[in-house]
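The following blocks contain the structures, represented as structure tokens.
Across the two complexes that follow, subunit A remains constant while its partner is subunit B and subsequently subunit C.
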Partner chain A sequence: MTRTHHRPGHLTRALTATALAATTLAGCSAPDRTTAAGSEDATLRIAAATDPGETLNPYASNQSPTQQLRSALLYEGLTRLDPTGKVEWALATEMTPNADLTRWTIKLRPDVKFTDGTAFTSADVVASVKYLRDPQHAAQGLAFIEKIDPNAVEAVDPLTVRIGLSAPFGPFKDIWANVLLPMTKAGTAPEKPVGTGPFAVKAFTPGRQSTVTRFDAYWGTRPMVGTVEITEFQNQQAQANALLSDQVDIASGANPTIARSLAGKDGIQLLDSKGDFTLRIGLNTDVAPFDDVRVRQALRLLVDRDQVVANAFGGYARVANDHEGGTPQCPAPGVPQRKQDIEQAKKLLAEAGQPNLSFAITTDGLLPGMRELAQVFAENAAKAGVKVEVNVVPVPELLSKWGKWPAFIDFNPIPYLPTVIGSMLPDRVGNATHWDNPEFVRLADELFLAPAAGQCSIMNRMHEIEYRDGATVVPAFVNVLMPYRSRVRGLVTDVNGRPLSFLSNVSVGS
Partner chain B sequence: MSTSVLGRAARTGRARLGVGLLGVVALVVVLGPVFAPHPYDAIVGPPLADPSGAFPLGTDILGRDVLSRLLDGGVNLTWMAVLAAGIGVVLGSLVGLTAAYRGGAVDAVLMRAMDVLLSFPEIIFVLLFVSMLGRSTVLTSALVGVAFVPGVSRVLRGAAIPVVGSDYVLWARVNGLPAGRILLREVLPGVTSPLMVEAGTRLVWAVSAIASLSYLGFGIAPPAADWGLMVGENQDGLSVAPLPVLAPIALILMMALGGNLVAESVARTVGRTEGRV
Partner chain C sequence: MASSTAPRRGSPTRWLLGRLAVGLLVLFLVSVLLFLVTQALPGDIARIILGKDATAAQVADLRGRLGLDRPLVAQYWHWLTGVLGGDLGTSLDNGRPVADILAPRVLNSFTLGLMSMALILPLSVLIGVFTAYQRDSLPDRAFVAVSSLFTALPAFVVGMLLIAFFATSVFRVLPGVSNIPPGDLPWWHPAELVLPVTTLTLMGVMYLGRLVRASFIDAMDSEYAQMAVLKGLSGRRVLFRHALPNAVAASLPAASLVAAVTITGVVVVEYVYSYPGLGTELVSAVNAHDLPVMQACVLVLATAYYVFNLLADVFTTLGRSR
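Up next is the complex of A and B:
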């Protein structure tokens, strides 16, 4: 991931940003709205991780988990992801390209109001896109829209925007679903940003608590709770304690051990979002011996993936195959599942002239399972005589030497397309492995021009290259766990690990 | 001599209990690694398994045998605590005795410098340097030792001032003996009792400081087995599996309590006899 994405990922995992979807999911157990009438003004209390540096600005760089969680309740993008990972329309209703995919015309949703009561129009979109695109603002979402030509963003009429690009780009709709690219009222960011979301800020104390209340003129499905209160806690155990003592209704961050210890408790249930969230070991291809693909493959062959799932993640994970996920809409790529093979690994290491390989894996241990993954890997590697040390450093140290660590634990919470743009192509800040595969780059360019129907086959070919040549050991897809009190109804699991984005059917009983 | 102080102290029930506790911990530290049924870092079962025949104390958060880690985990803590206490007592004595002997400006400068150092809580002091210099067991022990210097130097300076003023030291000074020799040969023997108490107390403090640092993740690095680290690693599972947390705590407690009881009884004996030998 990019350095900038590093923290958002932390966020997503630890807290889950809320994307304000008003989705009504077919098949989800939405409570009967009439019986929930008594809870119209109910408050949903969410425990989140402490972030003393947070602001209300959704375009800030290095946003913390907590900040994203709250911003997502307040702001919306042109498109959004539903809980199955499908991109759907939000503030836009249509995007049409010209013939060579270098100019896009966006139709905006009519009758949308900002939470201050004013109308949402094309001027606001132009202002938001220009703000995001200006490198001086160092917006976290900038990496995803660098192809936009800032001088070619114009309002055609109050509900139409035209955006010119510096290079052809097809999956335009997908990009705007990113939680880092919301639309705000022109001239309000960064100090007092106003969004179109289903909630508006009522009270905000950085590092402590924020309270948001329902915006009754919201264009989409009206939320069933009147207030959402986000309270910040120092660690996940404190979140769990707050949940146990009924100070909060949901703990938005819980590691597998905490989830397990809460599981049997009276009145507490577990929201277990299975998705494509990866925790992986990055190998810096600028540094010997990781520049040798045989060494990288050997290390991949050393991992006991079942043990990683069972012991590092307490079973709340599923085995992965050394390539990213984030393509729930596509069939699985046709590559065989890689399994632990100590002999083959030894053979590859001997061929590469590294029979006594020894190195350190650096991690800040911030996300549940990071340190555990490193330790399970170290134990697995010892079986082939590879000596692995686990180097736990503070978060600022990890970030300050980002891109320089020879081996490190990284994570990726976002769908495949933005993953490619943000952290897999060469010369991206997010690409801390400095992996540069010409064939992969060529396929990425092909992907950016492909019609929607052709994307899956290209992405699967890209997965194959990751599997054959990639610079990350991806042993597991990890679930996002959120214990909650059973009086909260209507929560849905989310394939992108952001279940608190989907609050419209959530109610709080007594 | 001070051996008789030790002898008298050892006859108290308090000291015997202390020695007994230390003895048990010493056995675990020394012989433990030999009897550990599994390698300390081997993943041998499911995480946080209940105690069973195969795993008498259950497994930890990663599925490693708690008993094996416990038996293997005292060595680092022990040598680090001894090293830290040693550094603290040696450097502290040096500063304290020098200040007492020289007096005047040297005394004032040294003691004010110690006051500055004393104003940092020891854990914060260590964290400051560890976060700048990186983590290493020797560095951590040395830093904990340095953090003890102000306390030790103040006690020893206080104890040494009457000795420095005594006739035999004056005699030695008048005869022009070198200062180092006077301090070592004439002053130091006069402060052995407070020195012993100080050494014992600092050892106990070093145990708790180093265990705390490992617990916080700034001491011994995973996947090493260490009692402080084990508490930190397994605390999230406390309500499901208490043993991986409670067992190392019990051993740290025995070590600290045992050392404390011994030091305490020596101090009391010294106090009763007013340091006379």
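Up next is the complex of A and C:
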């Protein structure tokens, strides 16, 4: 295939370069990469899932967990979530609304530097917000800030930004904690984005490996490791093998079976983040018979939640109650725990005229437990004579018919407020069930205007509506599992399932 | 396999040119087929890149920018003229030039393949000759039994067994994954190469060793070897001067085929060991529907496969014309 070319192209150059590199370096040996374990220059080596399409652009659409893991080390938002799920100040120190919540004044943290040494100012915030708000960029976080009027984003002084909204919105501080909405230096995104995080990029090869080093002028707590190396693998078993043979310190992806087999083996421990991460069965309310709430309730009554926890998630989960979580700051909503009730389910199906219901649940099996959840559900449903077929399709196929599948498996890793905005209100792309409950929408509007103290009671009333009328079967909250070598100290579990965002107290011993 | 295309007496150059032309035609057909297959894959690369949160308008816009809204023939023609001009295009998935992505991986894969072949050939001859010479002895029977077992096992099973035995479960002496960091040359990491090379070598020797053994037994039983023995030549002389060259010549086409099979083995072995070569890149590209990367990987692999097949034909023909 290369014989026929007439002019030097990419290929020729690359091959020549390869050949030259090979001949000149043939005698050389590998560069010395040993790092002083136990010292403050130590390297933390993380195994992650491969993502050949990844970039350094934190505003890219469709970001993989691997890209988000790296972004959390490089970039920061105006606010952030702590490991218990509480929103705290990051690059902003104050947000004050006007009387009707349509204009917000943001005070920025002084003396913050970008990793290239320049000062972080209001101009960078304005540029970042405008970039995010531009629909042309297809930024994944756009749904969360759609109320921002892009023409009303202005720098008042170097440390003050004013943002005008198209509709009143109260929980402004919460929204900015989303990992998809970080601040970057004006003019650097999307090609060479520069952030203010505790680490800066040293090397990056998409789909292979990235190396980030500590940024010593970071405004916050100085990390205890000098370098973080993220190596990407094509499957979780390879991550486990790399951990077992001491080629990495942490495997960031492990299904329950792998996690169980590794934990306790030769100094390998398990970081078990219990949170409100949901895997759920979505039922498309545009499609009969799922438009009938009796059918949806019947299907929810068919699930044996304890069996789902034990079999689909190997015990690394806890029973859920057909509503989203993500409200660790609030008391539990006062709804009784739904349990398997085959007789009641049969009765509801008969009432709905669906005594011999039969349908398929589609899943791409992207996350551990997805396929297993569908299988356990199919087994449970059979007890009421409901025939459920498990339809496993490749990721691209699931995406290509997104919003059209009658029943499908979906996941949600984020807190409740952005969940509502991104995937529970009608006409959201993320709302593939097309669920539209007017009372829920009204409460959401109320939530957007409520002071912080009143939010919990509104969110619990919204949970009640989900429980009563919702279009998802939510049988369990799933733990996020990361096996690691015990010489890594200071790791913390995170209710939002991103424990590797909190590396400031992590050290690597010898 | 070469019987139908064997050269007519006196025109080996023409025969070779013919074979090369057929080869180019095959590569062309492979590329067309691959192009058509990817069109039939469910899902749209623009949707894969943008994810479920993107609107239909954003997806359509990206399709336009990637040139996916043009007619199929136009897309293929654009790709083909690029390749013929030495430009493999850019990855749809991450926008990097395909040649930049592939160059280090080609080097990694070929290092793996060549190191394995460098071990497979001498070891096969050695073991083949030894077991044939010691026909029906205990070592011979053991080799035949073990090689039958290996021929039945898929490469990834052998790979996983070796990982469990040498890296993760029994002994912890070798790395469990063979990651070559970007920018490094594979031979800087000899420990990482041991298990993948061993897997390929085991698979190759178990197959080729048996063929050499069989050819050698044939050669030793042949009339000319028997005659040499009758003429009173020493056993060693018969072995090395008469039987060995003939046995090796008879095995050469098979060796070329083993080389071709090793190329496909590389794809599987790379995946098992997470070795950054053409095979792992191909798997990623297929998952991401990244057509230009897929096409380039397959063309490199198909070319190498074809070249070794051609060598097998040439050796067969030479052997026959002798």
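The rule is simple: the second predicted complex is superposed on the first by the 472 of 510 C-alpha atoms of A that agree within 3 Å, B and C clash if a C-alpha of one lies under 4 Å from a C-alpha of the other, contacts with A are read in each partner's own complex, and residues count from 1 in each chain.
Following the convention adopted for this analysis, contacts are C-beta pairs under 8 Å (C-beta built on N, C-alpha and C of every residue); 3 or more make two chains touch, one makes a residue touch a chain.
All of these numbers come straight from a predicted model, not from anything done at the bench.
K.L.:
A:311 contacts which: subunit B (first), subunit C (second), both, neither?
P.N.:
In the superposition, A:311 contacts subunit B only.
K.L.:
So in the superposed three-chain picture, is A:255 touching just subunit B, just subunit C, both, or none of them (first/second/both/neither)?
P.N.:
Only subunit B is touched by A:255; subunit C is not.
K.L.:
For A:242, is the partner it touches subunit B (first), subunit C (second), both, or none of the two (neither)?
P.N.:
It touches subunit C, and subunit B stays clear.
K.L.:
Looking at the overlay, does A:233 come into contact with subunit B only (first), subunit C only (second), both, or neither?
P.N.:
second
K.L.:
Between subunit B (first) and subunit C (second), which, if any, makes contact with A:371: first, second, both or neither?
P.N.:
First partner only, subunit B.
K.L.:
Quick one: classify A:390 as touching subunit B (first), subunit C (second), both or neither.
P.N.:
first
K.L.:
If you stack the two complexes on chain A, which partner ends up touching A:379: first (subunit B), second (subunit C), both, or neither?
P.N.:
The first partner, subunit B, only.
K.L.:
Which chain, subunit B or subunit C, is in touch with more residues of subunit A?
P.N.:
The partner making contact with more of subunit A's residues is C.
K.L.:
Please report the subunit A residues shared by its interface with subunit B and its interface with subunit C.
P.N.:
394, 397.
K.L.:
Can you list the subunit B residues touching subunit A in their complex?
P.N.:
Residues of subunit B touching subunit A: 41-43, 46-48, 61-63, 131, 135, 217, 221-223, 235-240.
K.L.:
Where on subunit C does subunit A make contact in their complex?
P.N.:
My answer: residues 27, 41-45, 47-55, 58, 61-62, 83-88, 91, 93-94, 96-100, 102-104, 106-107, 163, 167-169, 172, 174-177, 179, 181-185, 187-189, 271, 273-274, 276, 280, 283-285, 287-290, 299-300, 303.
K.L.:
Using the touch rule from the top, collect the residues of subunit A that touch subunit C in their complex.
P.N.:
Residues 1-2, 4-15, 17-18, 21-22, 25-26, 28-31, 33, 50, 52-55, 61-62, 135-136, 138, 140, 142-143, 203, 205-209, 231, 233-235, 238, 240-242, 244-247, 393-397, 399-400, 402, 422, 429-430, 432.
K.L.:
Name, in rising order, each residue of subunit A that touches subunit B in their complex.
P.N.:
Where subunit A meets subunit B, its residues are 236-237, 255, 257-258, 260-261, 307, 310-312, 314, 365, 371-372, 374-376, 378-379, 382, 389-392, 394, 397.
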